[in-house]
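Each of the two complexes below includes chain A, the first together with chain B, the second together with chain C.
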Partner chain A sequence: MALSEELVAPWAEWQESYQDGQRLLEAGTYALTEGAVAAGLGVFAGYPITPATDIAEYMSKRLPQIDGYYLQAEDELAGMHMCAGASLGGQKAMTATSGPGYTLMHDAYGWAIVNEIPVVVVDAMRVGPVSGITGAPGQGEFYVSRYCSHGGNIETIVLSPNSVQETFWLTIDAFNLAERFRTVVTILTDQVVADMFEDLFLPGDYGALSDIVVPRRHNLTMPFFPADSSEIDLPPNVIGEGTGVCVSPYTHTEEGYDIEEMEAQWSQTFRLINKIRHHKDEILRYEAVGLDDAEVIAVAYGATARTVKTAVLEARRQGVKAGFLRLISLWPFPDELFERDQPYLVCELNYDGQLVREVMRAAPDKNRVHFMGKSGEMHTVAEVCEALEGVAKHQKMPQQPYIWTEVR
Partner chain B sequence: MKPRTEILISGFGGQGVIRMALILGRCAVDQGQRVTMLKSHGTETRGGYVRAQLVISPDYVDSPVVENADLFVAFSAPAYRKFYDLCSGKVLYDPEMVEDIHDDAADRHVEIPSRALARDHFDNALFANMVMLGALTRLAAMDLAVMKDVMVDVIPRAHEQNLRALDLGHGLEVVARRA
Partner chain C sequence: MNKLAAKYLRPELVPTKACQGCAIGAIENWLLQAIDEMELKQEDVIFGAGIGCVGRQTFATWGGDNFGATHGRALAVATGLKVARPDKKILLVVGDGDAASIGASHLIHAARRNVGVTVICEDNMGYESTGGQFSPTTPAGYVTNSSPYGMAEQSFDPCDVVIAAGATFVAETTAVQWRQTVKVVKLAMQNDGFSFVHIRFPCVQNFGASALGSRDPLVSMEWIYDHTKGKTDDGAETDFAWETGIKHDASNSRPEYSKVLRDLNARVRADMAAGS
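The block that comes next holds the complex of A and B.
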């Protein structure tokens, strides 16, 4: 029986539709830049940091060629605020950074989210704590990307690619979601996927992508911030075209004026949370292999998923019925993917355990959710195979050097 | 072509390790293969080792990590020591840089005097990486003509010397014997 394989993401279809183009050997940062250009990017503002520096470099070369703007900001906070401003001015905008710069963006995140401004933010994660090691991969901003601003009362959209090719398509998708949901969409990539070179197909004519790219539209009329509404696909508010909208980080009315009344605060919060929660099915993206008969399901995202998938296929060859679940949309968290009452093995690049906590919350039996954390370097196929066998055959994780299994 | 060929190249920063891997990878892409190439950078390029991990396959490559190299190029002694255990295939090494080799697997070692050849022919050890790439091209059973086309496309200057360096490595008797 053939192994069941499923990719639930818009580009599963896109890559069938677009076949005319060129095959290159390029890095994830290059694919990200081209994906943004293909999506209609107008402004990139940011501050370089390893391993996201190449994105800034590619952008500074690429944007002037298409009448766009590259702006080297004085820091990450200013960079993201500039993006929000550019987006309010009618342009699609993006910034990119790594962990140390990402933490500086929280104020700007809040402004953009509460004012429903579409912006795409890239975080190429490197190992921590804090500034860690510049050239080593990490997955330490899983929760930070969810709680990317203060005050709560928001939902966020976070996507994570696992290859250079997927980075290209996923970047277009991120811009589409930012436009449709009028919010910040975060691309949570990592040092491996950003720096890795891989064969990359690029369509020859980005103009031909108009069927899949959501164009920027301009809302010039009130209400600017519909209260108690979870409607999506509303045109983003744009200023400077004979009209204006007030933006501020304070609770505001449908017209954009600051207000200190609880009813306004409640209805604003209703919108910010429910425009995303009520349309979760529009955001869900994942890859699954061999879940039907799986005795253990390996869970991973980003670069980690690459070796984990090879390990799952290898474990099957060795007689362990392993399944593979790769999350592409990380937030809102896809609880519905964890309904199977099976043991889960969660592999991620941190020792503290982040993704594993959400899986423990969502799975039927948290005592059968196992953790396999590595720090600074990828899991090996051999390590993951051993762990899959341990969980499937003996219901426990083997002890292996430099791998953390404890979450509590 | 095997379902999965793993190549590991390592040396010091500045020896052209990454450049070599990029040319090799592009050559494979141009021949219709799927390719992944991981490169180390950051502090490793400032005094430590630089490493490129290539995986070439007719099908999509899942794990890009080289855990069991078919070919390992060692440009420095630290690189040789650090990654020797990750290779079960052929080890290409420059005897000028790697003096002590494991004596348990003489048949897997291929001595390529790339720096000496580069100095003799071009008066410049910088061309050692292209000598090594020529040897690697043959041992990996890749197309030399395509490799040359890609090299000319990737490297901006000194094409004539670089092409000759590729030929030199490719034509070494020890390489022909082991290919």
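The block that comes next holds the complex of A and C.
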């Protein structure tokens, strides 16, 4: 029986539709830049930081060629505010950073989210905390990307690619979701996927992507901020068209006026949370291999998913019925993918355990959710194979050096 | 409602929500007078505000498009907005906290880039919406609610900072200088580049009570008037005097930031078309 394989993402079809183009050997940062250009990027504003620096450099070269604008901000906080301003002015906007800069953006994050401003933010994660080791991969911003503003009362959309090619398509997808949901979409990539060179197909004519690219539209009428509504696909608000829109950090009315009444606060919250929760199925993206008969399911995302997938296939060759689940949409968290009452092995690049906590919450039996954390360096195929065998055959994680298994 | 407010503001947000005796409402009216004398229409101007008394009391009063940024970030938002909408005049009304403290780096770099915005820094000489703490523009030695023994730090004049950073128009007035303020705001908005107008007035409620010993608006006004002149009515010199007037005018002497970027694009695209 053939192993079941499933990719649930819009680019599963896009890759079939677009065959004319060029094949390159390029980096994830290059694919990200081209994906943004293909999606109609108008303004990139950011502050160089390893390992996202190459995105800034590519953008500074590429954007003037397409009459777009590269703004080098004084810091990441300014960079994301510039993006929000440019987006309010009618341009698709993006910024890119790594963990230290991502933390500085939270002021702008909240402002863009509450005002329903489409912006795409890239975080190429490295090991931390703080500066950590600049050239080593990490996955420490899983929760930070969910709670990227203070005060609660928001849902966020976060996507994570695991290859150079997927980075290209996923970036277009991120811009589409930002437009459709009128919000910030975070691309949570990592040092490995951002820096590595791989085979990359680029369509020859980006204009031919108009069937898949959601264009920027302008909302010219009230309500600017529909209360108690979870409707999506509303055109974003625009400043400069004389609509009289008001954009602010305050709890707002439908016009955008600041208001200090709880009913308005609740109505705003209903919208910010439920426009995403009520349309989770529009955001769900994942890859699954061999789940049908799996006796243990390995879970990973981003760079980690690359060796973990290889390990799952290797374990199968060794007689362990392993399955593979790669999350592409990380937030809103895909609880529905964890309904199988099987042991899960969650592999991620941190020792504290982040993704694993959500899997524990979503899975039927948290005692059968196992953690395999590494820090700063990739899981090896041998390590993951050993762990899969241990969980499948002995219901426990084997002891291995430099691997953390404790979550509580 | 006065004619200017009827012409430019949102009727439901007039009169100002500011405290009695506060200059915020009067200064906004002076801005409207400058805009009116320039024959600008609502749709010509995007109005941005900061956080604190100045931001909160002016946000959404403008009849056209408005934004209120998070604390200190109005200039960062405006930088992106100006690139996207170079055809609009952007008027930012911020406080001394926004301009001189939490947002000081954005102020410096917007001046350096010569971003086409006019920044009106309404300096009430402290953090007043939080109850009256000192700011970088509170005069040294003055008592506030966070400097009960006198402000121990040295203050600075943000005009000096933006001039050093490359602003192309910089002026300073106080809340007793109606005509001068209208005049310099017009000049500021005629500069296709970064303009900074610093307008001083102590908060009647907090600075008045802590530093001047009275919440009577007339006491505050007299204190501003004296420090604008540098002399009290009886001829004695004040402890310091503000240097008001146009401090730097290099209007339209170098290209505005978004134009620099557009020109760069034109050059790159012309080279591409020529095949080089």
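We take it that the second predicted complex is superposed on the first by the 407 of 408 C-alpha atoms of A that agree within 3 Å, B and C clash if a C-alpha of one lies under 4 Å from a C-alpha of the other, contacts with A are read in each partner's own complex, and residues count from 1 in each chain.
We adopt the following convention: contacts are C-beta pairs under 8 Å (C-beta built on N, C-alpha and C of every residue); 3 or more make two chains touch, one makes a residue touch a chain.
These numbers were taken from a predicted model, which means no experiment stands behind them.
When the two complexes are overlaid on chain A, chain B and chain C sit side by side with no clash.
By the document's definition of touching, neither partner reaches A:235: not chain B, not chain C. Once the two structures are overlaid, the count of chain A residues touched is higher for C than for its counterpart among chain B and chain C. With chain A as the corner point and C-alpha centres for all three chains, the angle toward chain B and chain C works out to 110 degrees, nearest 10. Touch criterion not met for A:223: it reaches neither chain B nor chain C. In the superposed pair of complexes, A:50 makes contact with chain B only, with no contact to chain C.
Once the two complexes are laid over each other on the shared chain, residue contacts for A:196 go to chain B alone; chain C is not touched.
Once the two complexes are overlaid on the shared chain, A:310 sits against chain B while remaining clear of chain C. Contact with chain C, but none with chain B, is seen for A:244 once the two complexes are overlaid on the shared chain.
For the overlaid pair of complexes, the smallest distance between C-alpha atoms of chain B and those of chain C rounds to 17 Å. The touching residues of chain B, when paired with chain A in their complex, are 22, 25-26, 29, 33-44, 61-65, 67. On the chain A side of its complex with chain B, the touching residues are 23-25, 50, 133-136, 192, 195-199, 306-307, 309-311, 313, 378, 380-382. Residues 42-43, 45, 64-65, 67-69, 71, 73-75, 77-78, 81-91, 93, 107-108, 110-111, 239-250, 256-258 of chain A are the ones touching chain C in the complex. On the side of chain C, the complex with chain A involves touching residues 13, 42-43, 46, 49, 51, 56, 59-60, 63-70, 73, 76-85, 87-88, 105-106, 108-109, 258, 261, 264-265, 268-269, 272.
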